[in-house]
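Two complexes are shown next, each including chain A; its partner changes from chain B in the first to chain C in the second.
For the complex of A and B:
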């Protein structure tokens, strides 16, 4: 088991290195000079530029610049935000925690909705309730998240009057968990992947339910749940969390925009507006790390549950 | 009795394609019919918009009829908060995603097929490389990558859709790869190899055209659904089409403030359009999948 996982760890590291190169190259090829913004908007000519680079200790070749940047990143130094002048790490950390809360919460909501519908429609595929559930899931997946968000805000602020429409970030503190619940539910239902998740879970559950060992368990009156939960639920769920992580992170950008949620999504949006290169680079890398981490955790679960996997 | 095997095989495949529709469940047929209707409406609206055959001027403001509901004063779907005809703007909004979406789908299918065939047909040489490339792209959340590209290049929607096409390619590549690996073991491909057919003919004719076209068609419909969602999301975020040029995303966004005051329609009409379209493409893909592919998997 350890050898399989250490191999997986090497793959993860190789992929993250590749991601960092892609991120660097995109910004390296960008028109305009990222350093011009740092130097007060002045576009430097050749000789001046070389002198400035030398004074700052920046290599001239692209791979030299990449190596310098990645060396800093590995030490946890993502540079200084061009917008706020703060170290990027500090900005990323506080907003990252808020996005973490949002994404983890939304995954729980997604699974709480998807698992019962999938299980029910796997066991009774042609029943009216299963069909209604599936149709509802499809409708939710097709609705634009941002419109759904505004409808939620309208319903809870105007109709129920639970809190005023919030704009500033510090106001959200007062209303606490109730206000935090709305974006979590929205991201859980409206990240666009719900229908795919339900379909995948349903197929896995109905496949496992027709396996011979489940039939044997049923025949001798043993608990089907105890025999099948690993293959029918644990693996598909961890697979979904790993595979849908990118969608959840992408959806978080929209949801945070609707709710003025001060997380990474808004930071990324602002950075794209301002062309704040250090920030957008850091957010992209962090997102990739989270995605790879999810994938690694899934592999761990897979190897732990499936003894054959560690013999290969 | 002599049997002409070749002819038999042909009749069987012809027969099974016809019978696939006949033996399809009512639900699958309804899905396909609904999906095709949506495709037809979108294509016709796109042509109408391209030639400016519109019921009203998309930017003309009728200050007497603002935020009207459907069927008022000759405005079939009502007017928005500036008295502009919503139906006209919905039709014109299709311009924002249709061609870029088609471009994205073509790139995704082309690149996906290429990678899938490479890693499935010549596994020893290309599998590791393609898997690495696919995992690399999958590591970057699509919207985050797009924000990065937007920050770097300030691109137009076509460039963004190229990025979208590239990020969709790995999914298609893995599906094609699975198909190629399965087909490679089958007798007819082995016979084709033994007959000395060139890899090009085997791959393009016997693998991609005869055996992957259903899969690619299904992925194309799903790709269009995602293209609509991506374009509307970016327009909503303010990185796509800008007011006053309509896009379904910026129409929802522009109407949002009025929605919070209780005037739902200007924001909800484009939201419904998005939902019906995305649903149509998804159900078309699902129905086709059950009808054309499900039979083989069973």
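For the complex of A and C:
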């Protein structure tokens, strides 16, 4: 187990290094000068520019700049936002937590809906309830997130007056966090993956249910779920989390726009508009870490569940 | 009056629906069987004769639809208990001219009722071992755990330590080498023979009244097969166990069983004591004779160096012909019985005490 985890850590480190390098290069090659703002917006000649760089201690080559950035990042210093002058870490921490809340929350909502429907329709495929559940799931998946989002806002804030329009920023109110439920539920149900997840889970569950060892469980009078849950639920669910993490992050950005949610998506959007390079780099790295965490989770569950994997 | 049999199956019918052919596959089509206390009943027949499905139906392990539709299965341990009680109310059968045209079954309610009927019986009083033991054991759990689970579910021993001791005892009983080591093994670390021993230990750990062994040696190496048969033989005499042995291997059946039921096309064709049924010179059903003639033995090899095979194909249980099921492949049909063979299905004629044959040749008239 320990060896598998350390192996994962090495892979993660290599991946993050690669991602940061690629993003850095793209930014470097893209039009626009990251130092323009720093140098007061003046267009300096080559010699003046070199002198200014020298004075500020900035390496002249791109790899020099990259290595400096890496060296700082390794010490936990992501630099200072060019737009706000605040340290990047502080800038993206609160918005990062809000996005994390949104993505993790919505994944929980997705699974809380998908697992029972999938399990039920795997065990009783022709029952009316299973069919109704499947239909509902397809309906949710077919509706575009932004449309569903505006409909929810229309009903819950305009018609019923239950939620303020600015959801998560309303921290002055006692139950401010409750208002976060609307976007979480929307992203959980409305992301197009719901039907796909139900289908995948249903297939896995019915495959495992016809395994011979599940028949043995039945024959010995034991609970079949106690024997089947590892292969029928744990593995596919962690697989789904790993596979859907990037899409949920992407979906979060749309929902953040619709709900005016001050999350990472908005910060990233703003940073791209302002060419706020330190923030762009940090956000990209954070997204890569979150995506990587998904597959790390899957790998951990796989190793924990599968006796063969843990003994290699 | 003699004691009632431990298990009695009456007119059991298990049908499956073939979506491809839009027809019912009559896997078990009116089976009557009895298992007497202390005996080993061998059920023999070609693949597809319905022998496994019969026993799986009796303990509610058939999950494909429509599954078991009618019949009565009485398990008589201390008091008679109908294992299929109340199930027929969930099945509606439409007949036309005596043939089943349509079956509607509330599968959910049926399963619920079946599980209720079988609580404490399945796995406890009746336990099972299967063919392909490596797939039949849960690959995610240690062998010891799976045996201990059986102990805790069906015996008074509830504590983990007690259950483990008992599981080790059973691992020792099935003569697995170094039981303490094997206890912590996952199934993938075991060979086929060891897995089957572990399965047997798991089945016996429930201290059942009856063991159903469904092709227990199929798929194992020949030498391992012989050892598993030895083990079952030994356990059966030592524990005085009642056993139902399902196999297509006449060698295995003849080693272990006291009584034999021969199945063909979803029906019992012949029953009787092992020695009599397998005696080639005694009276017997043409199908059993043909089966015996095709088993690989020195006497059976013909002058051309070949084994005689039974002509024709195994009965397609979708289009069951009227008359005798074995008619198309029968070598012994003669002019006196031919019309009856073609028009009416024979019943099980009793030709001697405990010896019944479903063939017009043995009709008393």
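Please note the rule applied: the second predicted complex is superposed on the first by the 289 of 312 C-alpha atoms of A that agree within 3 Å, B and C clash if a C-alpha of one lies under 4 Å from a C-alpha of the other, contacts with A are read in each partner's own complex, and residues count from 1 in each chain.
In the analysis below, contacts are C-beta pairs under 8 Å (C-beta built on N, C-alpha and C of every residue); 3 or more make two chains touch, one makes a residue touch a chain.
None of the values given here were measured: they were computed from a predicted structure.
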When the two structures are overlaid on chain A, which partner does A:230 contact: first (chain B), second (chain C), both, or neither?
second
When the two structures are overlaid on chain A, which partner does A:220 contact: first (chain B), second (chain C), both, or neither?
second
Answer with first, second, both or neither: which of chain B and chain C does A:22 touch in the superposed model?
first
Contacts of A:158 with chain B and chain C, given as first, second, both or neither
first
Of the partners chain B and chain C, which touch A:212 in the superposed model: first, second, both, neither?
second
Does chain C touch more residues of chain A than chain B does, or is it the other way round?
B
Pick one for A:132: touches chain B only (first), chain C only (second), both, or neither.
neither
Which residues of chain A touch chain B in their complex?
11, 14-16, 18-19, 22-23, 26-27, 29-31, 131, 138-139, 141-147, 150-151, 153-154, 157-158, 165, 192, 195, 245-247, 249-251, 253-254, 257, 268-269, 271-273, 275-277, 280-281, 283-284, 287-288, 291-292
Given the complex with chain A, which residues does chain C contribute to the contact?
59, 61, 63, 107-108, 118-120, 122-124, 127-128, 130, 132, 135-142, 149-150, 153-154, 186, 188, 199, 202-203, 206
Mind listing the chain A positions that touch chain C in their complex?
124, 126-127, 210-213, 215-222, 227, 230-231, 305-308
Of chain B, residues touching chain A in the complex
27, 132, 135-136, 138-145, 147-153, 225, 229, 232-233, 236-239, 248-249, 252-253, 256, 259-260, 262, 267-268, 271, 274-276, 278-279, 282-283
